[in-house]
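Next come two complexes, and both contain subunit A; in the first it sits with subunit B, in the second with subunit C.
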Partner chain A sequence: MMAFFQSPHGLVFAILGAALVTLLPGIGSATGVGMVGEAAAGVTTEDPSKFSKLLILQLLPATQGIYGMLTSFLLLSQLGIIGGTPVEITIIKGLAYLFSCLPIAIVGYFSAIKQAKTSAAGVSLVAKRPDQMSKGMIFSAMVETYAILALLISILGNSGIANINF
Partner chain B sequence: MKETDYAYAVARVRSNENSFLSRQELDSLLAAPDCETCLSRLSGKGWGEPGTTVSDEGVIIDAQLKKLWSFIDEISPDRAVFDSLRIPNDYHNLKAVIKAFINGERPDRFIIRPYTVEPDTIVEAIKERNYSLLPAHMREPAEKAFYTLLEQRKGQLCDIIIDRASLEAALENAKQYGGILRQLAELNILKANINSAGRCAAQKKPANFIEKVFAEGCAKPDTASLRAAALAGTDSIIELLHTVDPKLEQALQEDGIEGFDKACDDMSIRILSRSRYTPLGIEPLVAYIVAAENEIRNIRLILTAKRNGISAERISGMLRDVF
Partner chain C sequence: MAKVAMQKLRICAMRSDRKAILEKLQRMEDVQVEPVALEDEVFSSVDTSQQQERFTGAIAAINSALAILDEYEPEKTGLLDSYKPRPEISREDYEYIIESDDRNLSRCREVIANKRRIDELRAEITRIRLRIDALSPWLDGDVPMRFDGTASTAMFTGYFPENMTNGDILEKLAQTDPELEAVHFDIIGQSAEMTCVYAFCLKSEKERFESALRTMGFTRPAEISKSAPAKCAAELESRIEQREEQINELEGKIRHRALRRQKFRYLLDRYEMRLEKYKAIEKLGSSKNTFILEGWAIKSRYDHVAAEIEKLGAYCEKIEPQKNESAPVSLKNNGFTEGGAPILKMYSLPSKSDIDPTSVMSFFYYLLFGIMLGDAAYGIIMALATGFVMLKFKPEAEKRRTMKLFFYSGISSIFWGVLFGSYFGDLPNVIARTFFGATENVVKPIWFDPISDPMTMLYLSIGLGAVHVLMGLVMGIIASFKNKDAAAAIFDYLSWLTLIISIVGWALLSLIELPFAVPAILPKIFIGLIILSVAVILFMNGRSSKNFIVRIMKGAYALYGITSYLSDFMSYSRILALGLATGVISQVFNQMGSMAGGSGSVFGIIFMILICLVGHAFNIGISLIGCYVHTCRLQYVEFFGKFYEGGGEDFTPLASNTKHFKFKEEN
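Showing the complex of A and B:
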């Protein structure tokens, strides 16, 4: 059993981690940006002058996709897949990379959708009271906190794993 | 449908909520010297068809209703969701067509919007006695009501058959979507049943008549208790209402049926007010429809009062809150 975990095929799991960390927050952000975009289009139909204010609200749930891409980029660089020679790692190390990617992969997906709902509520706020737009942004940005925390853990975890000899 | 599918529709509704008439604007209409001044002020606010001068209150009200429902149809991802709000109009139109047919009149001026069944289809169904042209829920009541009025000449019973079927069909439709639509449909049944119970008790109607009156579907109070209360008298109805909501009981006891109706309307406004804080889903749309219809009702009241020289003070208390 131990021999299996120490076999040098861990790159597969690390790449799976990189794929998940790109996919899940990316899907969450695309869904969220689309949802806020629909709401923003509704307000713009009635009042086109609010376009620029609404665009900022629409962009807020896009960040999780960027965090996922960033984590994935750093991991792929670390593994030598981007700009170098792919390293050979054990299965246990590959699994460690995979688990380390999960915080931003999962939190990124759900927080993007939750943030989109808050942003859609912010769109309604702008529709009725355009002067209160900054408050709508703050409400939505609060959700971002948890995506940032998950991003930090994933990035710190990945760089820590690199220095461990499994 | 998911609540997020309504993001576009909710945003458009939120934008349009700003164009509701404020209390000050309603007060200024109340203070206007005559109906024509009101109509011209309403035209200035975008009421009626754009670019036309309106001199008839019926035209401006019809145009506003048409505008409301074409807006809802345009933005809503699924038109059928709001059928429970349109079904009562179908039954009103059915009643109008039956009565017009029996009296040898044209029903056009009695038809109201919005509807789910084309009035021409109702006319044809009644004319040809081909009830299969109507939706399934409407066939039996249409046949019964037509027979009751044509053969038995019982106008009140004809109204009861149609009104009861209308309430039950609206609730049945609302049950598919639940939430706010179901709550409103149940409240409508409660309001109509208590009103009917009050009338039956006042007119000392016999048990076989009372049996046909109440719409089914409202858990509290159930129809058996309502029948018993209507037979026993007004005090029993008030007592029965205590089990539903003490506020409604108090309103009926202190201000009679008018007070009870107002308490029911206030209750529906409370249900709708919660949707103010709902960011997505059908609730904001339903709240918008009800608020817009209440506004139209208020304007109709003001215009009718102005046309008939009724004082502003008398009307002011009758205006419903606009969400």
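Showing the complex of A and C:
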């Protein structure tokens, strides 16, 4: 059993991790940006001058996708898949990478959608009280904090795992 | 960095001077008119809703006329034109424009009427086209469709709802009424689902023939021409042409009016000004021959206002505001710090008890924005673009401040970008590697590279965050002393300041081995300070409660607030996240570019340049929005949360809040 875990094919799990952090937050952000966009388009039909304000609100839930991509890119370059020669790692190390990717993968997905709902509410706030836009923005940015915390742990985890010899 | 002192004033004057005085005030933009509270048998407020309605109506008319002109004769506008200041109008021009008011307003109404006529004509053209369409199967007919026969024959015009030949029709008729023989059908036009015919019979058999036809499904057409169908269609076509000519003529008239666009804009501004003025009149206390105006002016401007108003035969005096009344807020900041003003205004202006946080906030805004963006090249682009707009267009106050915000944030990005060695991400290194075969990085960070060393970046972010949050507490101390509330300064702010500093100090001393020796007494001092601060918070935070138990409970609850400091500090880790996002996205594009350019062919290099241009433009856009939002959040939640109340009302003097021109008096 131990021999299996120490066999040098761990790259596949690390790549699964990289794929998940791109996939889930990406799907979340795409869903979220879409949701806010629908609400914003409705308001724009009434008052096209609010476009730039609404665009900011729409882009708020886009960051989770970027965080996922960021984690994935850092991991792939750390593994030598981008811009280098792929490293050989044990299965157990590969699994460690996979686990370390989970926080941003999962929190990224859910927080993007929750943030989008807050942003969409911000859109109706802007529709009625355009001067209060900053508050709508802040409500939405509050949700993002947790994606940032998850991102932090995933990135720090990944860079820490590189130094461990399993 | 300060709130400007305000002075409440009262102006008394003759009603006959009202127009002159209000217009003067409007051009000076120095006095905010407040509703006069007194209401008795002498003074009352004047209802100006009728005039206001008239002006709103005129404004709506001019706006729609301008919209129509834009539709028919679009104006060429540059992307940055909205940053240009409004042109100024001299006193003489102003008088001249007033004279031509009515003429221009009726010209606007004429534009609207012409547009309405065009719409009507277009609708008519559509209706005529429908008639022509209805006639189209009948075009081969050579007699008018309403023709009903000669002396001895009768004629019917109509169609069968299926495709039939002459034989089919005759056969069907023979089945329906075998005795009808003297008939004739002319097939005029045919399609898959209809056959248009002229049907003839003897006049004596007219009724019988008609009922037979009806049984066969013969239907009269909806459109029946008076003349031969082809002639009728041609006549209808000529009617369309006539209408199109009319439309052209009307459009020409509208286009001609586009020359007056500027005049219409003057007029629009004039009506906006008059509307403002009449809104102000409602706030005055008016008697039969006199009126009273109360309002606020900036204290240092009071003498000037009084002198100017007294020239117009009015009496002006300083008055004391009522007890629960708070002065409107006007902020004065110098060139460097005014950039933060729009950010503060978006949140809320300082209330009576707040100090103006703009200068400290602006400094941290530039600083934090710079680290988040953290790229020298992006910073240069920002600074150049905003600097260009400021120099070239000299935008008015509000827009100038926004430009300044991004200008100084850009400068700060250049600074941090150089420290982090980031110029379009790692573009210089990628180019050196791809084209010149460099094996080592040609551009090295002066301090460290956040992407390869995220832990240092995290410490930096949280460290700066701690400074920012503690600065919030310092602002709280300053504000409390300004409000002569020393107790709040010491118990609510200073105690927390010493608590946080001593906890952090103690933790650093005991957890990290410092490269230099510290006196052994220092950790003990920190522990002493921690105990002292905790005691102060525990016993003094609930000082408003008389009951000792309640007071301690309140203090304990306040101490629990220490967790919020922890989350405040962690919140600054977003600086790391956004900094990495900007850096990594640029790396991704550079990497893609180098894959294309690595082939060494000219095509590959062009492709690389394209990828980099598009990619970095995208990255600047998305990163700017992210940095803007998150720097705002750090100011609003973490910084303002410590000391700032907000809720002040903006100083809005009676002014010409016009869209297109400036009617301000130089003074």
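Worth pointing out:
Throughout what follows, the second predicted complex is superposed on the first by the 166 of 166 C-alpha atoms of A that agree within 3 Å, B and C clash if a C-alpha of one lies under 4 Å from a C-alpha of the other, contacts with A are read in each partner's own complex, and residues count from 1 in each chain.
Note that in this section a residue touches a chain if its C-beta (ideal position, glycine included) is under 8 Å from a C-beta of that chain, and two chains touch if they have at least 3 such contacts.
Just so we're clear, the structure is a prediction, and the values are computed from it rather than from any experiment.
Overlay on subunit A: subunit B and subunit C fit together in the combined arrangement. Of the two partner chains, subunit B is the only one that A:V36 touches; subunit C does not reach it. Of the two partner chains placed around the shared chain by superposition, subunit C is the only one that A:L70 touches, whereas subunit B remains out of contact.
By the document's definition of touching, neither partner reaches A:T85: not subunit B, not subunit C. Of the two partner chains placed by the overlay, only subunit C lies in contact with A:I155; subunit B stays clear of it. Of the two partner chains placed by the overlay, only subunit C lies in contact with A:L59; subunit B stays clear of it. When the two structures are aligned on the shared chain, A:T45 is found in touch with subunit B, with no touch to subunit C. Contacts of A:N163 after superposition: neither subunit B nor subunit C is touched. Of the two partner chains placed by superposition, only subunit C is touched by A:M137; subunit B is not. Looking at the superposition, the partner that touches the larger set of subunit A residues, subunit B or subunit C, turns out to be C. Between subunit B and subunit C, the minimal CA-CA distance in the chain A superposition rounds to 9 Å.
Counting contacts by the rule stated earlier, no residue of subunit A appears in both its interface with subunit B and its interface with subunit C.
Chain contact summary for the complex, subunit B toward subunit A: residues 4, 7-12, 14-18, 75, 279-280, 284.
Listed in rising order, the residues of subunit C touching subunit A in the complex are 346-347, 451, 454-455, 458, 570-571, 573-574, 576-577, 580-581, 584-585, 587-588, 591, 622, 625-626, 628-630, 632-633, 636-637.
Chain contact summary for the complex, subunit A toward subunit B: residues 35-36, 38-43, 45-47, 117-118, 120-121, 123-124, 127-128. Of all the residues in subunit A, the ones that touch subunit C in their complex are 55-56, 59-60, 62-63, 66-67, 69-70, 73-74, 82-83, 133-134, 137-138, 141-142, 144-145, 148-149, 151-152, 155-156, 159.
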